[in-house]
Amino acid sequence: MIGDYTYSEFFSILAMQGFAGLILFSVFVLMALGLAIIFGQMGVINMAHGEFMILGAYVTYLCSTLVTTYLPAFFPYYFFLAMALAFVASFSLGVLVEWVLIRHLYRRPLDTLLATWGLSLVLQQFYRSVFGAREVGVTLPDWMMGSVSVSETIEVPLNGLFVMALTMIIALGVYFIMYRSSWGKRVRAVVQNRVMAGAVGINTKMVDRMTFGLGCGIAGIAGSAFTMIGSTGPTAGQLYIVDTFLVVVFGGAGSLIGTIASAFTISQAQSTMEFFLSGSMAKVLTLLTVVGILMLRPQGLFSLNIRR
Amino acid sequence: MPAAGFLFSKKEWLYFTILAALLLVVMPLAVDVFRLNLIGKYLTYAFVAIGLVLLWGGGGILSLGQGIFFGLGGYCMAMFLKLEASTPAATKIQSTPGIPDFMDWNQITALPSWWQPFYSLTFTIVAIILVPSFFAFVIGAAMFKRRVGGVYFAIITQAVAAILTILIIGQQGYTGGVNGITDLRTLHGWDIRTDSAKLILYFVNALLLIGVLLLAQSVRISKFGRLLIAMRDREDRVRFSGYDVANFKIFIFCLAAAISAIGGAMFTLQVGFMSPSFVGIVPSIEMVIFAAVGGRLSLFGAIYGALLVNAAKTTFSESFPELWLFAMGGLFIAVVMAFPFGLAGVVKDHVEPFFAKALARFSKPSPEPQPQAAE
Amino acid sequence: MSDETPSSSMNISRRSLLAGAASIPLLAAFNSVASAQGLPTAVVNTTGLAVTDTTVKVGILHSVTGTMAISETGSVQAEKLAIEQINATGGILGRKIEVIQEDGGSDWPTFAEKAKKLLVEDKVASVFGCWTSASRKAVLPVFEQYNGMLYYPTFYEGLEESPNVIYTGQEATQQILAGIDWVVKEKGAKSFYLLGSDYIWPRTSNKIARKHIEKKGLEVVGEEYYPLGHTQFNSVINKIKLKKPDVIYAIIVGGSNVAFYKQLKAAGIDMTKEKPLLLTISVTEDEILGIGGENMVGAYASMKYFQSLPNDNNKAFVAAFKKMWGDNIVIGDVTQAAYLGPWLWKAAVEKAGSFDIDKVRTASPGIELTTAPEGYVKIHENHHLWSKTRIGHARADGQYDLVYETKDLMEPNPFPEGYQ
């Protein structure tokens, strides 16, 4: 006996909590990857990141309604189409925003914060005017709901598995784009030395625009995936923004590996504490720990030395 | 000392006089007590904006957590007022009379010890200044000593604001939770809800604001203020010249915190309650925008910025409730993109040359050029 | 004195007006106009409210922007519908109601500020509004200082009884006790897991629930609160699975709801199997829109109104509501309570024969409404409503089936002895 539980119960606690932590980890990675690219690689603070996620969620919602009405046979698979469209929508909006706003502000990183905060207000009101103030329900195909029983007490939620798989695919995709493609090389070259990169013939403006678009596009996919586990409403994006920034900063800006490591640390800490403490205190303690560690090690877990 | 007079240049003394006349004479005469009370509330945000001008415009440190200090100041004041409102006679229907109502609802049967000192007004006033300053010192010391700055500092202050909000809401037995501390009535027996009290509080608030403005200006023109600007522009050079940059930053952060806290305390007095919704991320960022609209480099701008944005918010939400977020968002973007130095920048670039020209046309001898100390 | 003045003929016309309001507007209009003649403004308005010979101004004060807009929209719609119906039937004392709508912006000082504007500048005769406890607490001192009248629609934690507020939603004991009695009696529940968003309403409600459960000698196996807006519930769902309670008692609000129910379903807890059974007091039809009916099916809700109530009043109300605001709209408990506000005010004004706040207040206790969509309600001395408590069983289409209602009206008891 351990506390109130028998050994077998204790084992299932460990298994299920471990799994809950992994789901949370995937969620954090999905949220943070797009931001890590934008913030880490470009130094731009995108406060509207949450709203880009919600754009993805609304695209998914539209897809689910349209497909149910016009193409019910396709319904079980619509989610993949929805994610692709979510990426396209967020990517396009991201490119547009970069062109209209961000490119004028590269020299003033703190100002991007204010401008994108303004953008987030505009987007929120836009969603509210178009989709209404209420949350919308996204209907999911049956195969994505429910769970797999591993043993009598251990059950694994399917949508959790789906999010984990998706996260892995996207993380690998980002890795290949950033570290194995010639485009990624250009991005990294621009990050390390913008002037030199320009001098050797890299179109730095185009690289910036595409990087920003990619970050936003990933946010769109994340938002699309989150319709499985969260709510879709005009202000839902705000719920994610602090967590997302902390994950990125804690990992050390500029390091995608760092982002993943920090998402892992924070998610495990939070889900463990949530199990042993009540919800609110767990959240406070997690945030406090993160802030505390950041005060001791301000550059985050992993950091690159970038010449500014 | 700047050449053109004590504290301000001649031109700035003119602006100062206009502002003082506007706050102390024009406003009270032009609007009724209800609107005046609203203006008083907006002016409490101006304290925070002044703090931000020192911190952000002066020191280049952007804090997205000034709501923390505004809130702490406000809560200190609210605790005092709540204790005064919770006399055993007024709370006799409670199971434990004499403690604040929200404690009773949460089955707390005795006043927590850390509430006790707030029976004293003197202690409360000291606490309004010292508690936020101490908090700022802890955050500042940890961050600036390790040379955390810029974006990191902004995000960490934001996280601290989030933590504090969750804590206040979660510990509702001690803090009033999400409702905040409400139903505040009297200050030492003086009913703060009457029209005459609102009028007096407005003037106290306006005078304090003017006092803080003068204090902030004296800091800016001091040697310290110039070092701060040097730090903002070339931190390394200041450090290599042998100054301890971190200590300066900590000091200015604490000062901005204390100023914000005064605003918070005046807010509680004028509005009659305090709640965690002023501590969090959203109000903190809104306060930054007040300073940005006014002009992040201008103390006068900060006050006008706070007044204008809030007045616009009230008007927009009265006439087009569903559209005001568009307007607010647009304002943020416009200020950053088109007017990075805010109202003060507009005045300096467009209004002043216009008047200078007009003046030159009237009087043959052209006025001597003023040093631009407003920077 | 003045509340005794209405003649018996007025009383009859008021009754018939109330009875006919929803179903036969024409007849009611005729009666109301006839009775309203000959009441000069100087008589019905002695305190300088915004009442003219032909109009009376009232305020609507809800959040149209910000996070609370999601919830408050329905209340605004219901209040506007009620006011339009009242105007169509001849108004109040022969005066048409004019609405001044203000936006609280989900921001509590804004609520206080707008409340003050409505009372001081617009001098409205009555205000319908507020949703969260925090906004009500913020405006309360304003209403008490300037002597206004607020009709507050939300089910809430109680612990309050203001002379300036009529609470048209249920207070906590009304909503909770009957629900728990029902699961214990009908479903044989022995153990409960209490869960809530972290603020005063869920905490106070769970406190009352816990006391009631423990009084019966049953067990509370867990009690937890999560910050507003929390979206990750896997850990607590694991805890629930381990503790195996008979009932999950959930008081989660806002966006967290969606996350909680989706994750609950994904974790393999099928609520239709009722093992454990889920009982909520916070999810109305409005919230199900966001959660999705398929994620909520099988859950039980304990409140006073469901859109599917089969009585005639409700059918007329739902039809009128859909006609005005569109066919896709759903109506939840709070929306219905908001709809009662203008009607209760009208009844009180007509009983008092005056718009004066003090007279309306004196006239209010004892006011009954037989046309309420939820059935019959009556204002208690403590300004809350006597009302029945009902249990609904969630269907896949987002509606509730009524499975139980209390035989008698529940007495409102905002300061429950022994439950604090």
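First chain written, first letter: the chains are A, B and C, and each begins at residue 1.
Just so it is clear, contacts are C-beta pairs under 8 Å (C-beta built on N, C-alpha and C of every residue); 3 or more make two chains touch, one makes a residue touch a chain.
Fair warning: this is a prediction, and the values are worked out from it, not measured in the lab.
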For this session: Could you quickly compare B-C and A-C and let me know which has more C-beta contacts?
Result: A-C
For this session: Please flag the chain sitting at the greatest distance from chain A, going by CA centroids.
Result: C
Problem set entry | Mean-CA-position distance for chain B and chain A (Å) | 34
Problem set entry | Whole-Å separation of chain centres (CA-atom averages), chain A against chain C | 38
Exercise. Touching two or more other chains, which residues of chain A qualify?
Worked result: 125, 128, 238, 280, 283
For this session: Would you mind listing the residues of chain C that make contact with two or more other chains?
Result: 64-65, 198, 225, 227
Exercise. Can you list the chain B residues in contact with two or more other chains?
Worked result: 166, 169-170, 322, 325
Seminar exercise, completed: Given the complex, residues on chain A that touch chain B span 39, 43, 45, 47, 101, 104-105, 108-111, 113-115, 117-126, 128-129, 238, 241-242, 245-246, 249, 253, 280-281, 283-284, 287-288, 290-291, 294-296, 298
Exercise. What residues of chain C sit close enough to touch chain A in their complex?
Worked result: 64-67, 69-70, 73, 198, 223-227, 229-232, 234-239, 241-242, 254-259, 262-263, 265-268, 286, 288-295
Exercise. Chain C touches which residues of chain A in the complex?
Worked result: 5, 9, 12-13, 16-17, 19-20, 23-24, 27, 125, 128, 132-139, 145-147, 149, 153, 155, 157-160, 226, 228-236, 238-240, 270-271, 274-275, 278-280, 283
For this session: Over in the complex, which chain B residues touch chain C? Could you list them?
Result: 34, 38, 41, 93, 95, 101-102, 104-107, 166, 169-170, 172, 177-180, 182-185, 193, 271-273, 275, 277, 314, 317-318, 321-322, 324-325
For this session: Would you pull the chain B residues touching chain A in the complex into a rising list?
Result: 56, 62, 64, 142-143, 146-148, 150-152, 154-156, 158-160, 162-163, 166-167, 169-170, 281-282, 285, 288-289, 292, 322-323, 325-326, 328-333, 335-337, 340
